[in-house]
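Chain naming follows the written order as A, B, C and D, and within any one chain the residues start at number 1.
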Amino acid sequence: MTGYILKRLASAIPVLFGISIIVFVIMALIPGDPATAILGSYATPENVEKLNRDLGLDKPMVQRYFIWLGNMLQGDFGRSFSLNRAVLDEVLDRFGATLILAGTAFVLCSLLGIAAGVVSAARQYGLADKAITFAVLLGISIPSFFLGMMMILIFAVKLRWFPVSGMWPIYGARDLSALISHLTLPALALAVVATGVIARLSRSAMLEVLRQDFIRTARAKGVHERSVIWRHALRAAMVSIIPVLGVQAGFVLSGAVYIEMVFQWPGVGRMLVDAILKRDILLVQGGVVFVAACYVMFNIAVDVAQSLLDPRIKT
Amino acid sequence: MTTALKLTGLSKSFPVGKRLFGPPKALVRAVQPLSLAVEAGETLGIVGESGCGKSTLARMLVGLLPPSSGTIEINGEPLDNADPAFFGRKIQYVFQDPISSLNPRKTIRQIMDAPLKHLHNMPAATRADRIREIFSAVNLREEFLDRYPHEFSGGQAQRIGIARALAADARILILDEPVSALDVSVQAQVLNLLADLKERFGLTYLFISHDLAVVEAVSDRVAVLYFGSVVEVGPADEVFAHPKHPYTKLLADSAPVVGRPLTAPEGRETELPDPLNPPAGCAFRARCAFASDQCGSEAPRLEGQSDGVRVACYHPIAD
Amino acid sequence: MMAFLKLLARNRLALGGLIVMGLVVVLALITPLLPLADPDVTNTAQRFKRPFSDGALLGTDHLGRDLLSRLLWGTRLSLAVGFAAAIIAATLGAAIGIIAGFYGGRTDNIIMRGVDMLMAFPYILLALAIVAALGPGLMNALIAVAAVNIPFFARNIRGITVGIAHKEFVDAARLSGMTDTRIILTEVLPNVIPVIVIAMSTTIGWMILETAGLSFLGLGSQPPQADLGSMLGEARSALITNPHTSVVPGAMILIIVMAINLLGDGVRDALDPRLKSGALSRPMPTTMVKRTGLPPEAKADTLLALRGLKTQFQVKDRIYKAVGGVDLQVNPGECLGVIGESGSGKSVTALSIMGLVASPPGVITGGAVHYKGEDLIGAPYEKLRSLRGDRIAYIFQDPLATLHPLYTVGEQLIEAVRAHHSIDRSKARAHAIDLLKSVRIPNAEVRIDSYPHEMSGGMRQRVGIAMALANEPEVIIADEPTTALDVTVQAQILSLLDDLRRQRGLAIIFITHDFGVVAQLCDRVAVMYAGRIVEEGPTQTVLNAPAHPYTSRLMACVPELGQGRRELAAIPGLPPVVDKLPEGCAFADRCHKATDACRQGNIELVRHGAENMVRCIAPETPAQEASQ
Amino acid sequence: MKLLKLSRRAMLAAGAATALALSPLSVQAQTPEDVLIVGQIAEPKALDPAAVTAVNDFRILMNVYDGLVRYKDGTLEVEPSLATSWDISEDGTVYTFSLRDGVTFHDGSAFNADAVKFNFDRMLDENHPYHNTGPFPLSFFFSAVENVEVVDDLTVRFTLNAPYAPFLSNLAYPTGLIVSPDAVEQHGTEFGRNPSGTGAFKFAEWRSNEAVVIEANADYWDGAPELQAVVFRPITDANTRTAEMLAGGIDLMVEVPPVALSEFQGETYTVHEQAGPHVWFLILNAKEGPFADVRVRQAANYAINKEAIVNDVLEGTAAVAAGPTPPAFAWAYNESLEPYPYDPDKARELLAEAGAEGAELTFYVTEGGSGMLDPVAMGTAIQADLQAVGLTVNIETYEWNTFLGEVNPGLEGKADMAEMAWMTNDPDTLPFLALRTAAWPDQGGFNSGYYSNPKVDELLEAARAATDQAERARLYQEMQVIVQEDAPWVFVANWKQNAVTSDRVENFSLQPSFFLLLDDVVKN
């Protein structure tokens, strides 16, 4: 198993390398330059040129790439001009918040989605199935930013059940209950789409599995139907659900961008959007590489989970 | 008689544990180097149980798998692996699963058209005539031509598969378990058709099956495959009447036969050898009642016996 | 096409989606013809008019533009963009996926690594970066949305293509002299297209949402042009004061995407060949029972008896009478063979006994199964469950498919015991090891922790047998237990079963298509054809002197070893399809001695000789009275 | 198996947590007393006054730092701050400041002439050891400064290379705020996150993207503030900001979206309004295309219904602009100037005269930016108005920084018109940087529309050198008349900045400078 994990980690290296190239090239293609952004309204072409020289942006692209890569390998992600701060500090600060938001949403959507899918499959064409199917459809059809806006309007402004935005109370204890009350709306808004997707997938995976011969064997053994569904079928269905969870994690991470904007969550997604808009190249590059690396690691974890679940996968 | 098909030292290994760069972790020998010759007009039966390498062998013969070593000659000419069109005109293949060998989204006519068009560059009008001709040869009605594969029963589909092989106009047909997916009442229809066709078009067959009785019924000569190697080869009646290799004997004794009492022909706990970790010497040693130390040291070679049978065993069963 | 639409219409939700979508598309198409206000004319004095006010059915936006008009024009644009993005992404993604999947090897590896890289980006950032690089605009948003979705299509399609590229018909095409390009275009593509269409239909909605998201961020359509996302984005600042300006486009997005998703589900279902056969429904824990008339009386002294059992498959408007009234019985220590060709109903008979026929579509429509005089048909689930695996156990055909791939054989054995007896795990484990030993699995203490895939076919089938023996049942129903095995292994398994039966006094119902197996193992045999028993009796009598023409002719077809090269016998024609059974004898069309009388009325199974029964008006052998 | 058991338990736990969270018990607590929570429009870039350019950041900085001089409450006229008095030499090139005694920075170091010299040298001298803590984008405000001398501990002398009338006003601008040299030396490039000044509030904490907290400086030389602390929360989304205000999460909200104003009409809120030195205009490309003709430029000024834009789109949060100088510079503003009236017929007439009917125009619009109000909506409304007089206008929208990157180098060859807004502290700045011939982009200025009138150039140069305010005023007023007639821009609006406070906030007022001065604010 350790060997397998190491192997998967090693295989992530070229992927991360490729990612760094892609993000570098895309950022290089984006018009507008950091100098203009730094200098603000008073940017004159002359000042821009001078500042670009100071920032080392006049060097050829390939050279710039390797300088950046070299620094990054030594743990120096550069400095964000728009935040006037070391990129890594900012990313680490922000990533925790995103992790809490996206992580909660991910756990929420996985649990709810799978449970809904299983119940839906077990009661195929029954009332529960129809209700779940409809709810799921509604969930995957609503733009999450719109949902978030509506949630704020209803639950925060009108009913005042939850705070409107932010991650922590501005003053007062930063304890779990404070976090939960700040987290509830954004995590729900973020989880809705993925819950729908996972529920749909779980349902079809369960239906697929329930027709397998080994389910008939389990029934022929006299295993309780509850156990047939939740033990035999779900476990086998997990084999096709888990990879989707991996993909959905990416979607949740992406969706967090909108939710972080609407709920003013101090996360990394919003930071990156701002950074792209501000042409804060180093921040974007560093942030994206960091997020992508985390996502790649997460996917390795998913693969490992998959191999633990499924003994047929050669490790 | 001329040699229609000659295999010399043909083998196939599959890599296990592929890496992105560098050599694979291990190789599995699916087919050990083997040499065989099929005379023109004869039917060579190849018998073996699952995993003995018979399908791998068949796929190499028609160019679907490149061999790891060895050569294939047809009528004395070595085969060029690169050109499927050249291959296809010389040697054809009939698949085990008749339905899945037909593209579900094409009509039978489109399927039949392909070899005529791509192997023989036949114009459309000629093609239609030729298809009609072949269809009547395999006793299929022409109206079937515009239907889709799922509308046919297994037996009909297998006839279509045979018709497609015939359309290529190859003299040699590899029949890979052509009747094992069919019911017993239908399998004879197909087998008899194959016999007719062979007669009519002067074909050479390589007939692969796990069913000894079927192989016996259709073959002139038979080769027994065990763990990727030929363990016995010879005239069919001789091999079945007087099996010399203990494995051949085991096979023959295992088939349930009406009137024979039920006995386990060998120890109940034996298992097949592990291909990833092949035993030294004779692969059958562990299951063999006659095994000696000699069997464990080196694999026996295929050696000729008095009655035209060749067997790879240090202790062949005497009559 | 018509069939496709019919299938689609069968799904009421999909039909709803289709209708809504149709309405939306028609509205979008005729928008230029409708008497609408100019969507771009501002009238700031009339801003934020509420819906249903004069001259503006849905009210006006922050610049006093008519919302209805903007909504329709916006829908038109959003739909076009969604479709276009889906088509672009699907086409490029499918092309990449097909190439990777078809060629495999290094090509595949390199392409898929690239896809992995793109998928490692949070897609929204990638889209943002692309739009940032290209500049804002709906066209560029479209390109970005399409581009970020290409990897998903590529991965999906690659998976399907790998499956297809290894199908035999691709090999066949290669042998027909086709080049790779041609194979991709004519063999692979047509089989992948349904998947592409499905993927597309389920992603168009997603695309519309994503484009809306970009527009929402201000990176989509340029003012004054309306699309749904930019309408929502523009309305955002007025959400609290004038929610209608947000709700109108928000609701439209919701409606469209929902309709598309419903329709997409419908399309997926309609294109899925398994659904056509009605097979993609989950089987219930027990087979459905719809018996008409009173169930037959029990015979007191038999262990297990089937009386007039009828099982059907009801698929749409077709009824397949898989089992058309079967009587069988078995007593302790007895082995009953049921023989028949594929489709004869022998397996369905076996599965019907404990209500294991997949349902839907299976329905038991008549007869009774008496276990010790008690009717099991229609028994409550809990009753059946308590008997299953405890008193009456099954052994199935393909041991790889019938064992759970993710549990060790030990866990599966232990579960079989613990489903009926509450004993602790260590005891159950010890029992499981004993069971494995009893089926002569070498090294049982170690093997118990193996997974099914780590065992050979023969070993797996022994596990299957051990599982059936777990609770010392009285009856074992073995459904072609050796068909998937090699002959040498089959011989081992059969002798094992025979030993067990003799040692434990088991009653076995043995389903097979192999006369040799029946001859060696069974005391009595029943021959099935087209869902009914055509002949039954002691094995020796039936095999030596078959009375039904089908039995005799079938036996003649079986090649036997030691007869040399020869012409084999065949039965002309095919068995009838069980949804269109002919009147009279089902075998009449293939029978050399069929007469008009054979094709009329119901032919009963009648006593023939002392112990035999036959369903024929002209049996092959004269009935011989048993000599007492 | 284990996995399943675990997930079942986890599901229960998650369910319980959700139920807990959903219970309406967690109604929001009110914001604490004596702590003012301000909803800002963005995260500050840095708290180093020399390094930032955005009003958003200025709002915090003005409370942490003092300059040598400051604007008198409610005006744009300078008064003493850290400097108690100053002398200007006859020729207007030497300024000598007497500094306030006994002032210390928050870090404990003393404020003196050395500190002042450090501040300006850091910005202006490329060889200063801490010049690398920049860049300092607004250092050109002081580009006239030749050198800074320490005369004695509490006297500092600035020598300019030429008379430069806006100098004092620039010193009152945030760029002139004085930072602690010790803190700069200690933190280097991280100074922007560890600020230290002499202001009424001390920096306490900066939680990335959550809040910047400043606490009362009890030793403030101008009297300790009433509040204990101020929390600045960045809430970029205007809608969320409004929601927070409505939900009671913040006490003070700046830049209220015009549409949301109606929500704050009740008793519980106070809406503040203050006109400032802001002008929102359209740059017209006078070098090429239809706008090369002055009649077309005037036509555009007639065609656009500014009243409607100001009253409807901006909900009265702005006034119609008459010329290039905002009325907030009361002393320099020409009261006799009347805005171009909304007269589409006149516009059509002028277009016909110029033969520019049906011309097609490219219009650069930004999605948002400092002082841009509601640029997309305004751009769309303008487009519709121009369309109505027969001009076809194609909008291209850009993100703010990209937009600047497109507009500042000049519109030539790309566009005919572009939105723009400036907020300045002196009537000199905008016209000097954006209307002079010598300010064309290729010469380093911001005259992106290539307007050129020698008379205007002359007036602006003279006004800059004049030390007498009355004389300067006369020159600016003359310039305004000419520029209005030449119409190099469409003069659209002067923003009346707004803010909303909850009923717990007292003594708050907005400044014409758009700064947020909180030292007198009380929260109950």
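General remarks:
Definition applied: contacts are C-beta pairs under 8 Å (C-beta built on N, C-alpha and C of every residue); 3 or more make two chains touch, one makes a residue touch a chain.
Quick caveat, the model's predicted, so the values are computed rather than measured.
Chain nearest the geometric middle of the protein is A, using mean C-alpha positions.
The pair with more inter-chain C-beta contacts, choosing from C-D and B-C, is B-C. Chain C and chain D have centres, each the mean of its CA atoms, that are 66 Å apart. As a whole-number value, the distance joining the C-alpha centres of chain A and chain B reads 53 Å.
Remark: chain B and chain C have CA centroids separated by 32 Å (rounded to whole angstrom).
The mean-CA centres of chain B and chain D are about 85 angstrom from one another, to the nearest whole unit. Shown for chain D are the residues in touch with two or more other chains, namely 1, 237, 239, 243, 246, 399, 402. Shared interface positions of chain A, defined as residues touching 2 or more other chains, are 31, 149, 153, 157, 235, 277, 309. Touching of two or more other chains is recorded for residues 20 of chain B. Those residues of chain A lying in contact with chain D across their complex are 31-33, 36-47, 51, 54, 79, 82-85, 90, 93-94, 97, 107-108, 111, 114-115, 149, 152-153, 156-157, 159-172, 177, 180-181, 183-184, 230-231, 234-235, 238, 261-264, 266-267, 270-271, 274, 277-279, 309. Across the interface of their complex, chain D is touched by residues 40-42, 44-45, 47-48, 62-64, 132, 135-136, 218, 222-224, 234, 236-242, 411 of chain C.
By the touch criterion given at the top, residues 1, 237-239, 242-243, 246, 257, 259-260, 262-263, 305, 308-309, 311-313, 365, 367-368, 374, 376-377, 379-381, 383-385, 387, 395-399, 402 of chain D touch chain C in their complex.
The part of chain D that touches chain A in the complex is made up of residues 1, 3-4, 7, 10-11, 14, 17-18, 20-22, 24, 26-29, 31-32, 35, 37, 43, 45-46, 48, 51, 53-54, 135, 137-138, 140, 189-190, 192-193, 207-211, 231, 233-237, 239-240, 243-244, 246-249, 370, 399-402, 404-405, 408-409, 422, 433, 441-442, 444-446.
Touching chain B in their complex are the following residues of chain C: 109, 167-169, 171-179, 182, 186-187, 190-191, 341-342, 440-442, 456-459, 486-488, 490-492, 494-496, 498, 513-517, 519-521, 543, 553-555, 557-572, 574-575.
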